[in-house]
């Protein structure tokens, strides 16, 4: 990443690889989101115009390669890898460091998309100053990623009408049996400078609900192996009620896929219209064979087939690139303990 | 609970039994309060008028039937059981679920009274749209509960002048020896949308102070067996200093009763007048014989007799309805660990 | 401390020794700061004029005499020991109480300086009503302490240009090897009533960074033995990015001194000027011999010599007054666990 002409120094300086040490392993999601927001906000405020804060729009497929243990230090390095007219792509790497032995491990790699929103008028998306790439191919690869994610975002938007409905006395191993939801009234301390819910907070709750759904289905402890994209479709305002619902989408022999939907509606609004604020798909894995889920309804069967497609695609990727991390059961307690 | 004519669908839909799954056992008080506020706020905003948020006015006698363990999921179901002109009675049940075994237990039953306050003018109490009861007796029983609580609230208001005074070098087993207090300056993150202290936060601190008083008196770990009504008399504004003081009221052979007073005064007010914001009575129980408390002053003797009355009344109730839960000593660590 | 003529009762009443019980051992820094702010704010609002909140300007050398354990109750007593025209000196003592055995220990003694800032105009420092001292010498000693701290504050201000620069592949035992930093975007929930970062929060992060630097250098667990003054030079506004950086300043045989710098810059400001908000020096101690740090650059050598001076001065003090607490290694886990 080189300096762009006309951009201030800060944008050109070795921003690409900032390394920050933090010691809260439980705040990993929150930290990734925050560091991403900081690096995307800086260049967008470099020109003399409306001030803005970058807001998370999408998290790409994220692999959790290694758990972070209490007492370890997390190193987060970020790099702006692409900018479109109105969005910034940020690559975040999380390393865990055992500060006593000095051992470092890559625990987490995430790609995030941010959109700069004006601080004066939160519905106004500002322009992003372009970066200059060291090689032409970098720009082309970035443009390709930009178009792919745009298509995927639109696809999940179409499925916004889906609602997780409670079912009385569901049978074990059905989708209804393990589905779970959580509500929360958004208070001042959940919010960013814009008075919207902090996306890092939503990510953490999303992971929590996915973990509950998985444990209910499998009757055993699991770990989040990867998150297959989170799309933030709409902002959640202070004073709204947030509903986070999760349900099984697909089961393979040793992993399950869970779909989590985040909805919001205003308490102080007679229409009480509910809107879909975010959607996430995550894979939870364990070391024991999983009970097979039985899709019943038409929609459940459709989601199962889609999940199978994603699973086979990912499996092919793993076999090419890297090995799926097989964490022992006991490490799950980390997540449970830190939520 | 049936649909009331002229009310929107949401009020009529199966609202009465919403079930939410959450995994923060430590936030039980906070969750109960929040879910109660959500279900009471919805119908009050159903008509085209001032928007409001329901604010907690009173928690009725609450039994903690079973402790919630780390890793368990709390299910909260709520139902509006009565509405007066300006208040809503909500019944909240908390079930704990061990998601690995599927075992569920009723851990907590609470009845809460909410009052809808206008978002524009926080001193204005709005009207509550009436509910339609399926049977005439339901309305009559609700009206009776409404009148009883109103009387009790007024009674605790009369005792508002009582102050917990520190005593130098108190003797062991006296009221002065174990009394404890805690202060806190109310910041933005403690507050609700109205810029008042969140009642759930106050409830948690109240329980904490009661636990300290009990442990100091008994020199052993105890668990909160029940909370004998919390009355919220006045709102605590952002910027106030909150003082939470607890003292022994009564001791039986195996339980102690603690009175907790919540006072507030503004830092930025030359009058520095202190006002009583809330008052709570809670029973803490253990498995060992308790040291007997010796009431010394006139007021202490009066409170002891009142506590004895409540104790005998409750004992009769328990013998009729249910058994007092006898928790082993070791479980207390849960509360200590999660505060 | 006697009543000053013309001051309201609250200022004259037994304010000097307030004792508050709290059960969050992890919030010790935060509590000390909060209780100090409350006791300094009260008298400053006693006259009929602009309302204010007292803001922390400096923490004097603080000894951590004994660690506080989970389950213990912290007692905080505060006393106003000196007032200048625009500042208040507060002495805070923290006692830990094991509520089961009744054993009390002095864990922490701190002296803090507060400045009253108007709630209407945060850049306006208000006047402090004078206190009346029982003996002339008290006032003279206070005046001396006031002048000393003023000089020291100015001295650290001059060193504001120092920046902690990351170095690629540093050698072990160098300053660069163990230096660590942490960034954070200041949100609404980090702030006080003035919409500035809560100093208690900054103190906690400062201690955290110092602990990471020390553990990286020594490859062993350490405890904070004392904090050699924290100066708050400038307020950090909501929406700023806070950078907290720590580096080794000095090593003796059994302790290390770490310098922590707190910088801030606004995201929504094209100038992106960074300013030094606070600076702290802390001593971490252990029971094993420390690896010796090798100062390399001119500046590092200068800071090493300064650290040596402070170390020798302190050592002389310890030998005169009290013994340096030698905590076993295992107690460090407390700090790690509670952050």
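Just a few scattered comments:
Letters A, B and C name the chains as they come in the text, with residue numbers starting at 1 for each one.
Keep in mind that, in the parts below, contacts are C-beta pairs under 8 Å (C-beta built on N, C-alpha and C of every residue); 3 or more make two chains touch, one makes a residue touch a chain.
Composition by chain, UniProt nomenclature: A, B, C = palmitoyl-CoA hydrolase.
Worth saying up front: this structure is predicted, and the values here are computed from it rather than measured.
Two copies of one sequence, subunit A (palmitoyl-CoA hydrolase) and subunit B (palmitoyl-CoA hydrolase), touch each other mainly through non-matching residues, since under half of the numbers at the interface are common to both. It takes 120 degrees of rotation, in steps of 5, to superpose the Cα atoms of subunit A (palmitoyl-CoA hydrolase) onto those of subunit C (palmitoyl-CoA hydrolase). In terms of their C-alpha centroids, the spacing between subunit A (palmitoyl-CoA hydrolase) and subunit B (palmitoyl-CoA hydrolase) amounts to 37 Å. Looking at subunit A (palmitoyl-CoA hydrolase), one finds that residues 188-189 touch two or more other chains. Residues 166, 180-185, 187-189, 208-209, 211-212, 215-216, 219-221, 238-239, 241, 267-270, 272, 336-337, 339 of subunit A (palmitoyl-CoA hydrolase) are the ones touching subunit B (palmitoyl-CoA hydrolase) in the complex. Considering their complex, residues 8, 10, 18-24, 34-35, 37-38, 41-42, 45-48, 51-53, 70-71, 73, 99-102, 119, 188-189, 191-193, 198 of subunit A (palmitoyl-CoA hydrolase) touch subunit C (palmitoyl-CoA hydrolase).
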